[in-house]
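Naming follows writing order (A, B, C, D, E and F), and every chain is counted from residue 1.
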């Protein structure tokens, strides 16, 4: 699921995820994201969310915490222009933060790495 | 800093940390921990905290988020009997969760690993 | 080397690997894969294998164990629809498991990450 | 659970684990280990096993695969004098291999790291 | 920044990075790279460098050490045909080494992984 | 091997390593360390070195680079009071840096983690 209030960025990010082969469901406020996530089950495998979500009162930090309480295994990627410093206190464990501007390859690698099980460690 | 409301456990954990060579400052409520952490600087290098802190209204999750907003680099270790399932949504990034009962070696390895810079990856 | 008994999936996966710049050698049974791997040397740098390989008696778990005994450094990626639960007991160390359906970006990131030496750890 | 056929080494390893605060259950053959592990549930949190188990036909590689099929989350530590080269093809994912002779601190760190949830990555 | 003395390879690598969405600044000697990096600040977010840089006396190992002294957080990727064995003694911490020939997907994953903050660990 | 020019610290660190079960060989200058390391083979499994080595002209950074050129697999731990900022440009890959003052548990965990093969990743 992709949560982003700015239409231009939402379209670019959606296209990038689509190019990488991911199916995307859109939400443009934190409130809509929470409604779509529901209260149980795991219809979604990953959450890609902006931090500042203009309309509504929920931030991306809030959406991710709610999403992880519904599905503890959900992949979480934050996108932010100026909230990177808060990740250490507001982010959830095992999440990735992308600072804008970021390259499409960074987004695809982030989502893919979070979804893949296992992996070889650097040596 | 060690935050634990039960005196018996607090003493055992303090002794373990002391045996490992760490200097320990104690707090028995989340409120006292927040007061000691202050609002800036980094007097402490690690936070070892229980989740349910009997007296007071702050949980270990709250204390850790506050502590990381004061010092984004702080090492964070949670100890819990039955709140492990919430770590994925309530924990901070790069923290360790120990489920009670745990062995002293687990606590020392957790704190040491969080404080050390670098490291070789498994291969 | 790509080991997959279903032609449709084999073609899609081959195209994805080709798009990422990897040269692909195909095998459609575990027996053929073992024959191609030979008994020594390291002609291949990575093994991408389905778990259930219709014809023949070898599974993807068997092929990977044989391949690693020939080349201990070989990158191993498993693709599976319903055998993910067995990875913990049947998989080899430092391997990646992709659960079907997966996105092309997941496959490319898995193979690339396993082949690259070193890497920065998340922080 | 500790599986080791040589009494001398078994006693030293047991003492080390005991010093680290771990409770130890002993088995001196692979067959006995498999019997103790049973066919379901997770009475044990970690398996520390020698590779060559003199009496009986099961190796430490076999015991670990069986143990992980019973409990996919089980921590697995192998101890070996001369079978290290086989770990890449015979070991289970997320296991640690200690080459003899090893220091007590290596064993305690291995078990503790495997049991702890989360952790900060090297940076 | 991309440092590569052979024009053919430089063009291919530049195109790959461009396809992944990264903006590329070129240097064809180590000396030019050092001049562009300057002595402070962090105009660049990543360094992708060949090891043997024909003209000039600086190697890719030298360029990376200089670059990290200017910006300790800089992402570093080495590309090499035959100097891989020196990485363990000459490389900087948290760098990636690609052995030629490598696939475009390996380069993009390497740079992306180094730039992304956080990440889920393999499990 | 332990390289430290200050006798007091050398004794404390030696005792800590000894308590953890490691056999220690001492050197009090970088020059002596290089002489002991020789030019080939791998008599030692780990190097624990101070950065500023009073007498002589070699620093701990130099000793580690030399040691890794002799044995690319050597575990490397740096101890420093004020040179931590240089690790990113002067350290070798897969090394650990301890900032003084550090607890004995940090040193033992660092050496043990570097020597152990494999390991479970945080989840």
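The criterion applied here is as follows: a contact is a pair of C-beta atoms (placed from the backbone, for glycine too) under 8 Å apart; a residue touches a chain by one contact, two chains touch by 3 or more.
Bear in mind the structure is a predicted one, so any value in this text is a computation, not a measurement.
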Using just the Cα atoms, superpose subunit A onto subunit D and tell me the rotation angle to the nearest 5°. 180
Are the two sides of the subunit E and subunit F contact the same residues or different ones, given that same means over half of the numbers occur on both copies? same
State, to the nearest whole Å, the distance from the C-alpha centre of subunit B to the C-alpha centre of subunit E. 38
Separation of the C-alpha centres, subunit B versus subunit D, in whole Å, is 28
Distance between the CA centroids of subunit D and subunit E (whole Å) is 40
Shared-contact residues (touching 2 or more other chains) in subunit C: 87, 91, 93-96, 108-109, 113, 116-123
Can you check the complex and tell me which residues of subunit E touch subunit A? 20-22, 96, 108-109, 111-113, 115-123
Touching residues (chain side subunit E, partner subunit C) in the complex: 75, 84, 87, 91, 94-99, 102-106, 108-110, 113-114, 116-122
Going by the contact rule set out above, which residues of subunit C touch subunit D in the complex? 65-69, 72-73, 85-95, 120-123
